[in-house]
Structures are given as C-alpha cells and as structure tokens.
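Two complexes, one shared chain (chain A), two partners (chain B, chain C).
What follows is the complex of A and B.
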C-alpha cells in the first residue's frame, strides 16, 4: 500500500536537502546593509584626535572602509595587500580602527605601512555596532552616494579582490581609478 | 606505541562487528543455530576491544601524550585531571569513540539479557546492532581516527575549550549518548520484527524496558545540558532552541511517543505498524542529530569543527541505516494486522491523540531546525528561526496534550463512558482551575492569560497524576492493594511534566533581568533583593586568570548571600569566559554576571531574578525517576524467564 511508502519518501526528500546542504556555508550571513545607505558616523581621527573623520569624508567617492585592529591576526595578514592596493592608487581606502589602543595602532602603521587615507578611531566600538561589524577584518565597498555595495568578512587578497570587488567597481565607474563626483 | 594499540583495537572491533553484522543474520535466514550462536561472543569481544581503545585514549590524555594530535588539540598540562578525562569526549573524534563504546555497551546488555528471546529473533537484533556498529567504526577509522599522531609533538597542548571545563559537561555527553544510542535497541527490535514479519505483545513487552531505559538517560542528559547552558553560558536562559538542543529534543519526543504506543501494542495488539515506525523514527532522529552536529550544515553554538567529508560519510550512513529500515518498513508494514478495535472514549484513543500531538511537536521542531537549510538550498535566503517561532508553534500541540494527558491516565482500555470519566476528573479539574487562577495572584500579584493557562495546565497535570494514589490512601485505609510499579512510574512521569510546566510558566512570566553599569558601592534592587557591588579583585585559577566581583545580596536589610561572579581569561586559548554567580533556591535563583569593564572601576552588570527555575529540572528529574520506577516493575523480568516466540504467544492477562 502506498501509505507505507510515505516515511521513506519523506526521508529521501530530507536526505536530498542534507546532501545539498553539505556544499552550502550556513555561517555566511550577507550584511543587511547591502544596497542601503551606509550608517552615518563621525569619530576622532587616529593620527589626530582633534580632527574627525566620518561619512562626509567618504561622500562622493567610490571607496573602501576597512575595519582593522592591531589585535587582529587576519588584519596583519591582509595588511600587505592593502598597502599595495593603496600604492596602485585605484581606490581610496579609509580605516576604522576598532577597539584598539591608539599608540599601538600608530606604531603598527609606522612599522607595516599606512594604506589609509585616514583612519577613524572607534575605541568603544560604537560605530562598528551600527555597521554590523562582528569581527575584524571586514571591508565595505561604498558607492559615491554612500550605498554599501559589498561587504567582505575575512582578510582580503588578490583573488577575492578580483572576484568580488573589481566587477562591482567596474559597474560604478568603468575602470579604476574612479573619477570623483563632479558638479557640486 | 600505546596509541597504536588503541588504533589496532578499533580495527579488531570492526572485524568482530563485521562478523556480528553478517553471520547471525545469515544464520537467522537459514535457521542455522551454529551461525546464530556467534552473535553473543562477537558482541562481547567487540565491547572489550572498543573499551580497550577508549582506555588507551583516556590514558593518552592522562599522561599528556601530545604526540597524539587529538590530545594536543584538546588538552594541556595545566588542565585539571578530571577535565583531562572528560576531554576524551570534548571534541569530534573522541566523542565518536564514546558513542561507539556506548553502542557496544548497549549491545552487550542486549546480548546478555536476550536469553529469554527466541534465538532467531535475538540473532537478528544483535546483527542489526552490529550493522550500526560497523558503520560508526568505519566512520571513525576512515575519517576521524582519534589516535592520529602529530610530528614533531608540540611541547604543550591547545587546551580544552573553556566552555567545556565544567562538571556539567563531564557527565552531560555520556548521559545524552546513552539515550541517543540506547534508541538503537528499539530500532533493532523493530527491524528484526519487520524481517520476521510477526509482532506479538511479547515483542512490545521486550522492547518497552529498553525504550524506557534510553528515554531515562535522554531525559537526564537533556536536563543536564539545559542546566549547564543556564549557569555556564551566563545568559540566564535554560533552553535556546539551538539546532543542537533540538537535535537532542526530537528523539526525546519520538521516544516519548514510542513508549506510549508500545503500551497500546502490548496491551491491545493494535498500532503495530505505527509502533514499528516510531521505533525507527526515534533512532533516525538520533542519527540525524549526530549528522547535524558534526557536518557543519547548521549554525550552532555547540557544533563540532566541521568537515564536509565527514558530513557526507554520516549522510551515507544515515541513508543506509534509516533509509534501509524505512524501505523494509514500506515493503513489510502491511503484514502487521491490528487485533481488534476500540471506542472513541478509551485509553487507546487518548494514547493515539497523544502520539499524534507528540509527532506534531516533533515536526514543529524539525521544521524550525531545518528551515534555514531548506530556504538556503532553495535559494530563498538565510532566515534564522528562533524562540519566537518555537515558543508559539510548540505550544499549539503541547497545550491540548497537557489537557488530555490528565484525562488519558484515567481512561479505561477499550471503552468508557464519558460521564464516568468526567465524574472522576471533576475534583482535580476544578481544583486546577481555582489554583491556576489564584496562585499567580497570591504569589506574584498578577497574571496574564498565558500565565494563567500555564499554571492551570501544570496544576491539572500534578493533581490528575496524584488522583489515584490520593483516592486510594483516603478511601481504602485498611491495606489497599498497592499500585503496580509500572503505574507508579506513569504517575511520577506525568507529575514531572506538571512540575516542569509550572516551572516554565513561572520562569517565563515573572523573571526579572536588568543590565546596568555600576561602580563599587552601588546598590540595585531586583525582585525584592538588594544587590550591593563591593568591588572587584584579581584571582588566579589553575589555567586561567580572572577578575572576581563581590556582591552582597540583602533582603529587608538582612544578608542573604555574597555572590562572586568572575570574568575569566583562559591562558592558552585566550578566550574570555563569564562565570555567572548564582544563589540557587527552590523559590528563586539570583544571578549576577560581570559584563565588560567600563573604566574607573565601573563594570557593566547583568542581574537576574528567576523564580521557580529549579522546577524545570526537578520536573525532568521526576520524569526520569518515573521511568526508573516503571523499569523496576517485575513483569519485565518475569518475561525473560518464560521462553516465548513472537507471534505465537497468546496475549497474557494483564494486571491493573
């Protein structure tokens, strides 16, 4: 009778889903900010506590916001790539120095090179919470109008850059470097 | 050299398991007594070799043999010795070995208690358990060998995950696994019955004690896990509907349904094919839990480090074992004809509804647990399903179940008039209504609708469970005929459910949680208690450093207790851990946890008041005791002496 086949059929469907699930990564959570305006912020600059850095600095350019900290091993790993990227002059990189010690962070930039146009100093991690940062390094790609185009969690490298970032940048401005927005 | 002996012992165990899984089954098919007789010695030998492998691994932990990769990854010279032993099952490979050891133990139990079973049947049961064992041993040896060496050996180990360095975690996994794996026994009984094509009430009577035994362990294991999560994770919650918790809860629900349907199959010779299916489902859900935890397919705080190759292997194993059994079921189930029927108002009806509701609850949990996977696989995004879904969806089958349990207990088999049943239950029902409405107001000064419903349900279960013993004690003072142990077991188990419901209702309705920043000297009132922050000091543990806060708790000015929560940093893994300080009591728990330092001696704090939370675990404990009392009923032992053949035994007269 067909009804005795029901249990094994349900099981077969479940097993098919499990098989599919093995090749999915459940830990990957897309940022809810994607396609939305990035949260406004204003913080003291790392190098000059008297000056501030914030959304206004990023306005009007296709730019990266890189969340980093000296206690973060992955940040050290990607740092060389960021320095190279900055030297190629294609895209301005802004830093968000997260829950860090100011002096240690300044030493790090002196020792390893400073790829950042400027770094904001988020000592208590308050801005990072607005941005949904839950680990470093994280890198946000921002459009001219401040929209979040992409978020990458984990260290950046050539391969990821070419795969996830370049095509999105190309959509925005053809080729690097992106021209600044004009007509203000 | 010693670790290699462990590896070798596992290979030998696999050899014996292969024989156990093949020869007795062939013997049963061809009615060859000599081949069937091999089952028991193989089960004994397998247990000896698996136990040897386990001892070898424990020894490697005990002597800090960091040349064994698994030891290096999960232990450390500074780790206290009890945790070194518990670290054996602290991660994937070792916990799998524990799983196999426990399977070998249950198999040994079946082998030694199976003398009363027909030889063919015993050979099939042991053969099927052997098949499961072959699968798990292959899994260990091919993908997860705990005896792998690392060269050069590290000077010191990576330490056990600090979350697991806790007495609760020492006994929680073995208990849980005893339950999970114990369900392999009713599974094997069910598959053997499907192979035989016959099923008698004697079959149900054999299967019941094993099912109840596994269920008791599962109940205790889940309760321990919940208790551990409560005090160790420091969030004050006791159940999070985490996929791994759900993975242990689903087999429990299915096993609970199975216990009830076995009762019907034993007494009345009906629900046969349903009982067989439930036995398969309960163990399938156990294996599913193993798969979910170890494959990395779901996001969970408990998940083991995952590896897709392992995931694929367990999936194949699951498909072979459960898929095979369900296929056999599809072919054979129609042979099992029910003997007779029953009226709408009867014990059978109530147990049928019980089963439907328990399986609906299982489906609710299964759907919520797997929904993120379904959605992701179909490309609909990655939703997360949490307590808002589970808390509501789970109540839908559970509330009617709570109402019906109290009635079902007092219904007669076959038929009963509704008016008799209602007359019996008038008093407890009325009392539950009055208490349910009055108690929350008297004790807590108010109640919402759901709180009232919950307290009524809890009181109803407690009172209706205790009805029979109370009535007997009152009416029949001159030496009443004692209730059978099996019935006492049922009374206690249902009483436990009532106590549990009361605990859950009160905790979720009247808990107070506050987060605050405080500097030494600050006072704060929570739930009628005054918490005074006296300051913090540094503390050194064996393998961690900690900041310890000191809190005086006063009520009406009198000192109740001093609480000392800690914020620990474990040296090797550098992971911070929050040790919540708890003042436990039957009426309420008080909890204080340190959050983050805010500078200048100030700390963020979490202070909680949780009334009746102990009732949750007390309820589970009473349920487990009920199971044990039922197990001690002499009729399960008498049956072993009488030699019976399934299908040919006339149903024996029942007591009670």
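What follows is the complex of A and C.
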C-alpha cells in the first residue's frame, strides 16, 4: 500500500505546486505600497516648469496617479480610455510623466488629448523609484487620506476599470464622483 | 634574411591574454567613475549584482542596460556615497519594490521554506537512505525475496 501511496502523494503535491506556480504571471510584482501612505513627492509640472505638482495636489481626493511616457507603447494604448474617463468627470487623474522629453510629451498631449488634471515631470525617474514604478503604464488608486488602494500595471481598459477599480472606489465613497473631503 | 613571423596560435594566445588583462573598469556599466575607496566600490558591485532588474527580470541591475536599472544604480551609488550601508539600501529597495527585487531573499517567516527546503530534503533523503540500508542489511545475504 505505502509503496504506491508515497510516490502518488509526492506527485500530487508537486503537481499542485507546479499548477499554481506555472499559472502565475512573473511580470506581476505586487506593490509593497498597497494599504500604505503614498510616498511624498513634489516635481515641476509638465506644462509649467515653474509650478510644482505633488502630494499636496492629491490630498483629500480619491484620485488616480497614472505613470506615463511617450516612449511607452502601452500608454498610447490606454490613452483613449483615460481621455474618456476624464471626460466622464468621475475621478481626477494626475499624471507622472516618467523619464520623458518635455516637448515630446507636450506634443503627445496636444495630439491625443490631455486627460490629466496635471502631470508631474519626473525627468530622472527619482519619484518613480519612490513609488516602486518599474514598467509604464502604471496606475495608482489613492484614497482621500493618501493611502494607496490599488496599483495596476499594464494598460487600463473598461473591463479592468470595472473589475479592479470601481469596487474599491465604491468602498471609499459609494458612487462616482467622490465628493471632496470637506475640511471641518 | 629570415623574418621572424609569430606563429598563428601564439598570436592568438597573445590576443587573448591582452584581452584578459584589460582593466575590469573597461566593462563598467555606469557612466560615473568607480568609488575611490576600493572597499566601497566592492560593496557597491556586490550589491548591484544581487538586485533584480524588474524590467528584465532575469538580469541583475549590474547586467542590465534598462533605463530603470541605470536609475537604480545611480540611486544606490548616491546612497552609498552618503554613507548608507548595505542594510539601508536593501530596506530602501524592498520598501519600494518588494522582496522580489532581491536575488538573495532575506531569512524571514515567508522565506523559511525557501531557505530551509534544501536542508529538509537532504535530511529526508538521508533518513530514507538509512532506512532502506537497514532493511537490506537485515535480509540474509543469500535470502530470496518473498513475493
């Protein structure tokens, strides 16, 4: 009896591990920032280098921070969705323009539309490192108190939005648009 | 007059030797010069050889030409130049990118099985081996196996 049971059970355990392990996506690295306060930052704005954009702009809102660049193919793919999302007016989208050329980025927004309330210009990628960014496009969902609720790596679309973002936003404030926090 | 022609294999050997003697810095991937303190440079090199480049996941940031790898090397250089130790840099990276960024995971509850697994299987193997050996030794030398 044991003669058969032992190899069969070893096989079953291995098969279970491989089934699980081989169906994981190695490109998906869960962010250690989830559930933690978003890293503080302050950078020049893309459109107005003299002004800055940073944590203070995001404070008190349920908002998206979208990491994008003109060299990033996936960003072009999701851009139309972001423009639609911005037009629907439900949630403010902030941009983090990552390791890009300012003029090229400005042209991109002129040509394809600008879904962002504002974009920060992270030329050296220093803020991106603080946010654990490794592959654009990445989209962070932030709570009013600045907690990172969700991070999506890869282009956004309707389906992912409905599956991963809307339920988390609903937990925060019911339906969109989320009311702004009133400073009481 | 006899011309001294170096035989081809010797020329080849000279070429290979010359190539091997090129200073290692010729391969350095960073635009910056190495640290002046050789010990610090060695620590820096050791560390960047243990940090995964998340863009090209089977490379370390020491191997990778990805822009993110260059940014991370620059960040690590700056930290180490300002006196940060290995532990501080590792904590910095893990806080942002998670444990996956380390090629040599730290020993902690989530990695006990990983670190302990090989030892566990070696011991298991030895136990099984000892039991089989003992069972065999218990058999008479000329004994026939009963079906």
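The definition used in the following text is that the second predicted complex is superposed on the first by the 168 of 184 C-alpha atoms of A that agree within 3 Å, B and C clash if a C-alpha of one lies under 4 Å from a C-alpha of the other, contacts with A are read in each partner's own complex, and residues count from 1 in each chain.
The rule is simple: a contact is a pair of C-beta atoms (placed from the backbone, for glycine too) under 8 Å apart; a residue touches a chain by one contact, two chains touch by 3 or more.
Predicted, not measured: the structure shown is a model, and the values here were computed from it.
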Which of chain B and chain C A:162 touches, first, second, both or neither: neither
Touched partner set for A:170, first chain B, second chain C, both or neither: neither
Partner chain(s) touched by A:17 [first = chain B, second = chain C, both, neither]: first
First, second, both or neither for A:8, with chain B first and chain C second: first
Chain B versus chain C as contact partner of A:99, first or second or both or neither: second
Footprint overlap on chain A, comparing chain B with chain C: 26-27, 29-30
Chain B - residues contacting chain A, complex: 273, 277, 280-281, 284, 291, 295-299, 308, 311-312, 315, 318-319, 322-323, 326-327, 329-331, 333-334, 370, 372-374, 376-377, 382
Chain B contact footprint on chain A (complex, rising order): 1, 4-5, 7-8, 11-12, 14-15, 17-24, 26-30
For the chain C and chain A complex, residues of the former touching the latter: 54-55, 57, 67-68, 71-72, 74-75, 94-98, 100
Chain A residues touching chain C - in the complex, by the definition given at the top: 26-27, 29-33, 39, 99, 124-126, 128-132, 134-135
